[in-house]
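The following blocks contain the structures, represented as structure tokens.
Both complexes below contain chain A, partnered by chain B and then by chain C.
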Partner chain A sequence: MKFPAFAYARPATVEEAVTLLASDDEARPLAGGQTLLPILALRMSMPSCLVDLNDLEELKSITVGDGVVRVGAMVTHAQNLASAEHRTHLPLLSAAVRHVAHEAIRTRGTIGGSLAHADAAAEMPLVVTALEATMVIVNQQGERRVAASDFFGGHFTTAIEAGELLTAIEFPISDHRWAFEEVARRPGDFALVMAAAGLKLNNGACESARITLGSVADRPLRATEAETFLVGKSVTAGVAAEAAQIATQDLKSHGDIHASAEYRRTVAGTMVKRALTRAAMEQSA
Partner chain B sequence: MKRVAEDELIQVRTTVNGRSYTFSTEARVNLADALRYELGLLGTKVGCEHGVCGACTILVDGKSARACLMLGVQAEGRDISTIEGWATGKELNPLQESFRRHHALQCGFCTSGFLATATELLRENPTPTREEVRERISGNLCRCTGYETIVDAICDPEVAAFARGEQSA
Partner chain C sequence: MSKDQVVEIRKQAIGQSVPNKESATLLTGRAEYIADISLPGMLHAAFVRSPFAHAKITHIDVSAASDMAGVELVWTGADVLIHTPGITSSVDREGFVPTTQPAIAHDIVRFVGETVAVVVATSRQIAEDALELIDIDYEELPVVANIEQAHAATALANEAVPNNVYFRNTRVNHEVDDAFSNAALVVDGVFHNNRVSAAPIETRGCIAQHEWTSGLTTFWSATQMPGILRTMLAMFLQIPEQTIEVITPQVGGGFGQKAHVFPEELTVCLLAREIGRPISWIEDRQENLLSATHAKHQLNSMALAIDEAGKFLAIKHHSTTDGGAYNCLPWTVGVESECGAPIVTSTYKIELARAETIEVATNKCPIGSYRGVGYTAGHIARENLIDRAARKLKISPFEIRRRNVLLSEDFPYTNATGLITREGTFLETVNTLERMVDYDSFRQRQTAARAEGKYLGLGLSIFNEVTGMGTRALNFLDLPITTHDTSTVRVDPTGTVTVTTSLVSAGQSHATTLAQVAADALGVPVDNVVVRSGSTANTQGLGTWASRGAVIGAGSIGRAADVVREKIKQIAGHMLEVSPADIELADNGVRVAGVPTRSMTMAEVAGAIYFAEAAHPENFDPTLEATATFDPADLVLANGGHAAIAEVDIDTGIVRIEKFFAVEDCGQMINPMVVEGQIRGGIAQAIGSCMLEDLVHDENGQLTTTTLMDYLLPTSMDVPDIEIEHLETPTDLVPGGIKGMGESAMISAPAAVVGAVNDALACCNIFIQQYPISPERIFQELQNAPN
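Take a look at the complex of A and B:
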């Protein structure tokens, strides 16, 4: 249970970090370490070198401008939880990050680390999918941008290539009202099932809806059919239940020691119904 | 810092419980082991070694963190607080004394981690509800007490008075 041996570097700039990563295919960036270090302790990965990003102050800030909230990849979950900007502009992120692990983990764990790890049961992948965020990825040639919908390639797989670094996440400020629901065995555990719902209402009728499910597949899922169904309707309890039914009827979830596939599908419906109902109430408040 | 080979020692300067330390360690050594074996501070316990049990929880720059999920070399320039720093001589601080009075420990292995978690919570809020305490300590495992007495100890009025005093100090 001790970490395997690795070389270590603590670059002072993103450029240096990318050069270090590009020079060694087996090197890995070390963000908060709240996932990578357990993986090392369990010897599920044995990188040749850890490139510690903790001195990269440029990746630790939250900035708001031009209708976008830009969150540096090294911003911690604790920072996101405390952020007044997020409560105003990204209430879904504020609501979801409360469910990420425990205080002592949130102190060090980062949004970039969570996204780069891409655990389908983690909250941050769901949040960036629901809010249609853009990932900013840097390599030696420069910068490229990847939409959240193209970023996740399945369990623990993302669009980040060898020698690249996720440096920021850009969230467009949404005019939807948001609600987040999650079921987990204990506070801080990974989600068994979670859902986010966003509604834009006009005189009580739904103009646009976004429904995202998490922890039911190898990546976050948008329920586009249910989103289309809601357009033009008043989101009553009955309509929310119908949308939940549409969102989950073809869901092929997975069973494991924590929950069966059938349980996940059933609870996913309940999460969608509750999230829609709460998002609709947010609007009238 | 340039790339350092895996078997090379790295010098670390840090502050633990108000005292400056310099030690040398390989990058692979976690902070809990560095505290225990480089500095001889054995009060930080090593349980699961992958961030689940909370036994190694310490305060880094005033915030709780898992010492097993930090590298010893990441202590560079940090201000660390561990169980060795919380009593005055042989006199327990009021939170520690409350743990004793409420039988909030039996074997004691998890205690320093619980105290770190509770210390941080009480600094934010000297009078948390039982529900808030339960949520906050959900990241620390105790296999002896069943947690009730730990919640009792943290919610004790004498602890609240102490925490309020710390806050205004």
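Take a look at the complex of A and C:
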């Protein structure tokens, strides 16, 4: 479990980082290293060069303005967990990041690293999908912006091209009430199943709903049919159960040693039901 | 004096929670583990491991790896076979099939993870780079992947094991059929116990160094049994034993996994002798999960016949171990089922028993020892059947146990398998747990929770534990082994005390607890005693396993101290002009019994012995040290029990263990804090092994859980508050009345965890018999539940 040999670069600016990445197809950016380094130790990946992003201070801040929370790609999970801005403006992110691994991993691991890795069982991909965030990607030509819904291409696959770097995530501040539910084998493990529900209520009736499922497919899934179903309804336990049924009825999930496809499909319904019920009870932010 | 002599120890430090002498070293990170040792010129070894469960090695080319810069030597099975056939393991029982595991596989590999080649290089990194250049062709052979396939025997896992059967045995065979046909109630089940790893946080590792000028070999190993390792290196490698010193540095958890002799150790020792430079092998986690012995894997059928009053009439037990491809050394494949059968009736009065066992060969890593050897699976079966019977009879789980445990008027009691119980607090354990759990209010809470859709359950398990494993205990378990373990006690010239023992510590706080024993044996303060261990240069013994440290330590230190004590009495009597019989050792010195003013300090006495011949009586032998062994006259039985409360989320299958209760009676405790540490650690492992941990093999014998991402160890988040109470029933077999207890929680707590889940789900007609109890398992059980 020792790393294979690789070159190492520690750029001082995003431009330098992008230049390095563009010059070598086999180079990989190193953020918090919480996934990449174990993969190297297991020799499942043999990059030619690691481009260490840890000196890029410009990617480490959280800023709020114009109805948007902008989170730098090198912001750690620990920073997100501690952020008062997030608790006010992005309560879903605050709730979900608690489920990301353990303190040691949260201290090093970054939101950008997690999104670029795109593990379908990780929380951050679900959060950006639920909150309809925009991913800011930089290459040598400049900057391009990709909606979260277009960002994930499957297991460990994203819209980031060779020579590009994810630099920030822009979250529009949501007027929905949010709840997050997850089942994992142990606290801090990758999710067996998870769901986020957002509700905008008007006099008790649902004006808009967002339901996102995680760890049931190769990328986070929005349950648009169930969202439409909820509009105009009072979100009672029965209605939540019905929405959960709609959200999961056509789910073609996968099985692994920790949970079967059938478990995931069934428990995804439970997660949706619970998240909707809690979101309906949440006091408006 | 005989080796089971029980000397008198005056209790003073014994029984106190003396702070751990090891803590500062451990907590500041200054303890030296095997991986911290760096010797001048040291090289590093890495192994190629078989990717197939069963295959013929048709071609192996190491030339590219050998040519790599930084690589010193590459060996295959053929190279090592010149020096040793490998590890032959057997037990002296009729019909037992021995096996020889090559130090490095040659010709055929028999499990995924078996070593196929070794690279020695200037760093582990380079060695791992070189592994990738070794070109090996395999021709796959039919795989025996499980017990069913082993029985079918259409293929053999290891051609040395005919019909894939290592051994079969009937430990006890009473006529039980009538009891079963006439019973008011029969409860039975087939229990699938998962394959787990002891998974110590420190993996295995060893360093070998050979000095050709002196002919001396030094072998550092993270082992629980340096003495056995030394003898086995001598025997298997034909090295004169006196030229070998085995040193055990700080060990980061053993739990039985490090109580084996491993093929990698033979190879590393040979390589150091071949190359003439020190060689280090530090196992990584993947290697550990693949090859460092697996544990517990067995299939147990059990049935209990019960009369209308809830009295147990008879028990039937059949255990099959999924043994892997070789016998581990020294325990063999019999380590689980064979050790489980003799203690199958536990603390209960069950007059009739039938216990049958069989060990089969499969293409998997050998089964080895792990805390609670032989006990864990049988306890899960029996205690859960008892709970089930209580539910059927509508009596409490405490009451049904009260009606069946051995009572003090029964002692000494010889049970169905021949185990003699001399004392024990079985009834008190049940009553204490009932009070701790607050049983009536628990049932009320359970009912109230059910109304809110919450499923609470209570699991209960009581146990006895054969501790201080000596000759008598091993023979009872059908292991014809004689034990020999020595300690040396020396009073130093300034009156302090140095103890040397063959017992090594893997976190058991021996430096503290054994110092407490020696302090009380000689009447000196604990701080005046140092306990040294970890080298075969000093004392000889079998090591620390099977809850034997406290018993063997107290016995051997007690006996050695007694010799020194007599010497001190002799000179003190002479100097104080009284009979030696009138001298007492206390308060860091000696005094005349009944005349406390006539005294000397220990420093004065020792000084006189070492430096003042004029003070010596005539013909006085001034040797102020003694070495003694200890082997208890009979089995030393500790006992206790566990209760767990769990909440099951039936919509997700997630189980939260809410609370744990433990009662322990290990006789006179040496150090309650250390005892409680053992209990807490064992409970964590209990929760892990029956809720989370699972070494999963696919149909090709491929291990699919090779990292701690997939092999789920319990974390602090998974372990609830643990409440502990103590009972103290001293034994007269051991100085101070001390009993062992290291394995207790892994003997009995798993049964309580499983029982809690089964109690929570009993209302859904669910009785889980396959482990671990994952969310998926609960989900499936609910899908298939009758209602």
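To be clear about the criterion, the second predicted complex is superposed on the first by the 282 of 285 C-alpha atoms of A that agree within 3 Å, B and C clash if a C-alpha of one lies under 4 Å from a C-alpha of the other, contacts with A are read in each partner's own complex, and residues count from 1 in each chain.
Quick note on the criterion: a residue touches a chain if its C-beta (ideal position, glycine included) is under 8 Å from a C-beta of that chain, and two chains touch if they have at least 3 such contacts.
For clarity, every value in this text was computed on a predicted model and none was experimentally measured.
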Chain B or chain C, by number of chain A residues touched = B
Task = Pick one for A:A84: touches chain B only (first), chain C only (second), both, or neither.
result = neither
Ask   = Of the two partner chains, chain B (first) and chain C (second), which one does A:R43 touch, if any: first, second, both, or neither?
value = second
Request  = Answer with first, second, both or neither: which of chain B and chain C does A:T266 touch in the superposed model?
outcome  = second
Task = Considering only the touch criterion stated at the top, classify A:I257 as touching first (chain B), second (chain C), both, or neither.
result = second
Query = Is A:V183 touching the first partner chain B, the second partner chain C, both, or neither of them?
reply = second
Message = Under the stated touch criterion, which partner chain does A:R10 make contact with: chain B (first), chain C (second), both, or neither?
response = first
Partner chain(s) touched by A:L192 [first = chain B, second = chain C, both, neither] = second
Inquiry  = Contacts for A:K2 in the overlay, against chain B (first) and chain C (second): which applies, first, second, both or neither?
reply    = both
Query = For chain A, what residues appear in both contact lists, the one with chain B and the one with chain C?
reply = 1-5, 38, 42, 102, 186-188
Inquiry  = List the residues on chain C that touch chain A in their complex, please.
reply    = 123-125, 128-129, 132, 284-286, 651-654, 692, 694, 696, 704-705, 707, 709-710, 712, 714-715, 717-718, 774-776, 779-780, 783
Key: Touching residues (chain side chain A, partner chain B) in the complex   = 1-11, 20, 33-34, 37-38, 41-42, 49-50, 52, 54, 78, 101-105, 107-108, 186-188
Message = Applying the document's contact rule, which stretches of chain B touch chain A when the two form their complex?
response = 1-7, 10, 26-30, 33, 48-52, 54, 57, 60, 63-66, 68-71, 73-74, 116-117, 120-121, 135-136, 138-139
Note = chain A contacts chain C in the complex at 1-5, 38, 42-43, 102, 183, 185-190, 192, 257-260, 262-263, 266-267, 270
